[in-house]
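In the two complexes that follow, chain A is the common piece, with chain B as its partner first and chain C second.
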Partner chain A sequence: MIKKKICMLGAFAVGKTSLVKRFVKGIFSDKYLSSVGVKIDKKKVIIEQQEVDLLLWDIHGEDEFQKVQRSYLRGSSGYFLVVDGARRATLNTAFTLQKRTEETIGKVPFVLIFNKWDLKDEWEIDDKTMDDLSKDGLMVVKTSAKSGQGVEEAFLTLTREILEA
Partner chain B sequence: MNTKGHKSIAFGELRRLLVGPEQTEIVQLKERLADPELLVKDVSEVLPEAIILRSSRDKKIAKALEPTIEEAIRASVKKDRRALADALFPVMAPAIRKVISSIILKMIQSLNQALEHSFSIQGLKWRLEALRTGKPFGEIVLLHTLIYQVEQVFLIHRNTGLVLQHVTARRVAAQDPDLVSSMLTAIQDFLQDSFGVERGEPLEALRIGDRSVLVEQGPQATLAGVIRGTPPADFQVILRETLDDIHLKQIGALESFDGDATPFEPIRSQLEDCLQSQHKQKKRKTSPLLFILLGAVVFLMGIWLFDFIRDYQRWAHYVERLRTEPGIVVTTIEKRSGKKYISGLRDPLASEPAKMLKEASLEPEKVIFNWEPYQSLYPKFQLTRIKGLLRTPETIRLKFQDGILHADGSASYQWIVEARRLVKSIPGITHFDEEKIIHIELRDMEIIRERIEKQFLLFRTNEAEIAPGQQNTIQDLVANTKRLCSLAQVLGKNARIEIVGHTDNTGSEETNMKLSRERAHNVLSILTSKGFKEENFTTVGVGPKEPLLEEATEINRESIRRVDFKVTLTDKPKEGVVRP
Partner chain C sequence: MTIKKRSPAYLLVEKDGRLIDCGGKLSAYGIQGLEKGVPIGSQVLFLDSLLPLDNDPLFLSCVKAESGLSADIHIFPGDKGDWILLLDARTEEIRRCLLQQKSNELSLLRKKVSKILDPYVRKGFTEKLLQGVLSFQESGERRDVSILFVDIRGFTWYSEENPPQVTLQTLNQYLSTMTQPILDEAGLLDRIIGDASMAIFGVLPTTGSFPDQAIRAAVKVIKNVHDLNKIRKLDNQPTFNVAIGIASGPVTLGIFGSKGFRTFSAVGQAVKRAADLERQARPGQIVIDENTFKKTKNFQSLFSGTTLRLKGIDRPVQAFSCEVK
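Moving on, here comes the complex of A and B:
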């Protein structure tokens, strides 16, 4: 049995909490998010017969990456960078967060999530941008916390990446 | 080559001059270090001091020696169990005793507690609470009597917040330790970040409701204990020591931790040692039910004691009565298997001991008698016995005094004769006083005699034959005479009836005398014709002389012409007694 800590990072309202909720039924109520700034859920995934307990740290989204959040990153085996496809600015926040995270805990696997795929028509981010990012070697997954599309894939992708790292 | 050689010799010489003395010392030192024997000797010189010095600084030596000592003990046990057991006995025995007595104490306490909580109002409340919450009653009791309980202990990997090992106390429902551990780490981080505490400064306690979380931080791991109630002061120290020890032993595993907690399985027991608890001592207060029980016991014992004393007194009285009872001699009283055995002598005429037992309200089944029959000389029994022996009739009262048997009342002559004979064979009787006994036969004979003497037969004037119509009188006369004869025979007497003939005063003296004799004679003839012997009778004619009547009227003249009777009884000689 292996346990891994994973962080959900991204600007406010991009859908971090919604994605985790989609993925797992947790025990803590959302009120922790506003009080402590983090909520943790656990989900068991099996990858190539290897059981892994994922401890998902859902961190309160902030546009300004604050000191508070830094300590939460400690010990993470990987993280998600969640972007709201309908808000281009959230992609920039994601990059800033990625840089700061790497400064704090070093290079660990991460997956870039473009969420709210169900609102594709309103997206400000086009396919080309996303393709370019993949070509740069980033792992990119398009999801919809609303329909559930891509959610499982995103989590499995990151886990696999962590196990191989 | 030569120069070179020369140079080297010269150099050697120089060196010898410069560092000669030191060199020998170095050589000596070298030799000394190379000689294991000497080295051992040297180390042995300083080893104790070295250990003392280091031990005063930290626990490294103890920790380092631990495995060796453990191994040594194991080897010793393997080799000879007894040696170690003997060595440890003085330490172990009191410890074991202490443990056992504390277990017993706990059992008593829990019994007391159960009793108290089962029946008090508070207990009822807790039962309701148990029903309401669906928790077992025991758990509710524990919760309410709890001073503190370490419910959970987490060993948390400091960096990742992942749980390395986790233990839970019995009956404590725990959430997913991974989540709690992560959340705890997050909260800790949050607090440290929010209030600007330095990372080195550990957060020691969190308090939520009646639970607190005590935290000890080490370089690689955090040890957190979740405690319900008020934790004891030394609990933090226990956590600290446990954490230090874990760091010391598991430092490698801690540093290389990458999500796999299996290497930390062995420290489980170490964490379990931290799961301490203490309950309120209030339960020492004895439950009222215990008092009720005690009261009941005392009450029952009282009843039992009362019964016991009462029975004891009854028994004592009974035995006393038995001992003083005439005709009973108690020789032994034994008690065997709940039963009492009484043996002795008993006159068959004495009171029935079993009956007396009932009168004394004692259980007859519990007493077994063994009586040897005997004759008591107690006067009452003597008399009873004599009465029985003599077949004394109701009409006779006997009195026995100073060896003299006094008889009073009436009895048949036959009985008296028999009694006279029997009395001689009864021991203790010197004299039989029968003076006051009235013989029934004698009395009867008197009556018969009177009757006969009142009877008479009538005659007509100048006739010697009895007047007709007197058959009944004759029959009566015959019956009476028969009875008289038989009674006389029983009593050993001779009965003689004088037949007296009378005439009235008319006629001459001479004829009257003759007539009266003839009349008596005729009556005698009638009687002898009925079977009587002549010798029992005498006849006499008295003429008009008896009774003398001054003025004879016709009426009394008739009654004067008669025959009447006179009975004479005389004693027969003794040997002439005839048995019936």
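Moving on, here comes the complex of A and C:
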């Protein structure tokens, strides 16, 4: 059985926990309960007839007072950088985390997730920014943990990249 | 808390990943039925990616796996293999949870308020929401606050010389570098009038001292503008400096205006004084009034005293200024 560790990284309240919950349990809640430390979940996926156990490390949000510990990142095969489309500043946090992760564990596949797509009227990130990022070669997926849109795709995309890496 | 009370448990794992030995309150962490000689990764979920150690010890705080109990995990190398020590981290988890939940909610709230109140980013929120968010009456509440005025020097002239698109783009660039420090310090952006803005400190609930927050925001604003200028210089674009005035004192807070255009604002001497001080400030300078100076706990050493003549006041006024490099 192949096992792969994936970290959920991003600023606080971007929807890391909600994405994992949606993907693993198929549920969503509007209530915000900020994560402390890290919570680990497991989910089996099948990619091209191959079973993979994903170990999902849902890490607390990065902020000034609570930086993401490098030790959490150890042994990751890939990671998500989650951005709240309605808060532009969370994109900068994502880039900061990307840098720190690469310094710590080297280059492994990652997918940039723009979450809260259901609130797109309030978005502060426009299509052009996202297009530019994918033109720069980043893997970009738009999701809504609330509606479920794009969630499965995001996880499968990253897993596929990991298997090919 | 002593280690004993924290349900200690340990594992010893060979470099090839097989479990050699274990003991302590492993069941407290949902770890049961371990088999010696079997790879640990398949038995304990969270250890899978962490072992074997390179050489340096590893520490992970507040890790929750299957059982849901939060554990501090210490891993360190020994002669026979890697030692893993688990300690109950619930006390720490609760402490962090309380702090973090509050401060994150506050940040989200601040973000929301800035969207509502700031015409620059406003996208049609309702006044009702606004009143739910801020806890004071329409009739007005008197409160001690610090008021900050910031102006982009030379911008009016620039806007007259350049096409509107260019002006707007430049203005947006400066405004967005200026607004963030204000929001970060729990400042409420009251209005943005062209190239000048006003912010109120002491309205949004925070733990900090608001004169300190206003000054910290001001310093950061000027620094951010310096940084932006460096980038613009590289692109051969014109650059601007900002000047800031801060005054503190009681003001009346409330929703003002007529039905068509109602807005939240502050009215009082301090508002007028802050605007006057801003007009006296040189580019890159912060000028504060005596009230703010007396109340600031951490920043007095940054400022030096000066006397100014303000509009409509006969005698010179004591003020304090600071040049931000």
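In the analysis below, the second predicted complex is superposed on the first by the 148 of 165 C-alpha atoms of A that agree within 3 Å, B and C clash if a C-alpha of one lies under 4 Å from a C-alpha of the other, contacts with A are read in each partner's own complex, and residues count from 1 in each chain.
Keep this in mind: contacts are C-beta pairs under 8 Å (C-beta built on N, C-alpha and C of every residue); 3 or more make two chains touch, one makes a residue touch a chain.
Note that the structure is predicted; figures quoted are calculated from it, not measured.
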Applying the document's definition of touch, where does A:K3 land relative to chain B and chain C: first, second, both, or neither? both
Would you sort A:A13 into first (chain B), second (chain C), both or neither based on which partner it touches? second
On the A-aligned overlay, A:H60 touches which partner chain: chain B = first, chain C = second, or both, or neither? second
Mind working out whether A:G37 is in touch with chain B, chain C, both or neither, as first, second, both or neither? both
Under the stated touch criterion, which partner chain does A:F110 make contact with: chain B (first), chain C (second), both, or neither? neither
Looking at the overlay, what does A:S71 touch: chain B (first), chain C (second), both, or neither? both
Which partner does A:E122 reach: the first (chain B), the second (chain C), both, or neither? second
In the superposed view, which residues of chain A touch chain B and also chain C? 3, 5, 32, 36-38, 40, 42, 55, 71-72, 74-76
Help me check something: in the complex, which residues belonging to chain B touch chain A? 157-163, 175-176, 178-179, 182-183, 186-187, 189-190, 192-194, 258-262
Residue positions on chain A within touch of chain C in the complex are 3, 5, 12-13, 32-34, 36-40, 42, 55, 60-61, 63, 65-66, 69, 71-72, 74-76, 87, 89, 121-122, 124
In the complex formed with chain A, which residues of chain C make contact? 41, 45-46, 48-50, 58-65, 70, 89, 93, 96-97, 99-101, 103-105, 107-108, 111, 115, 121, 123, 180
Chain A residues touching chain B - in the complex, by the definition given at the top: 1-5, 26-28, 32, 36-38, 40-42, 52-53, 55, 57, 67-68, 70-72, 74-77
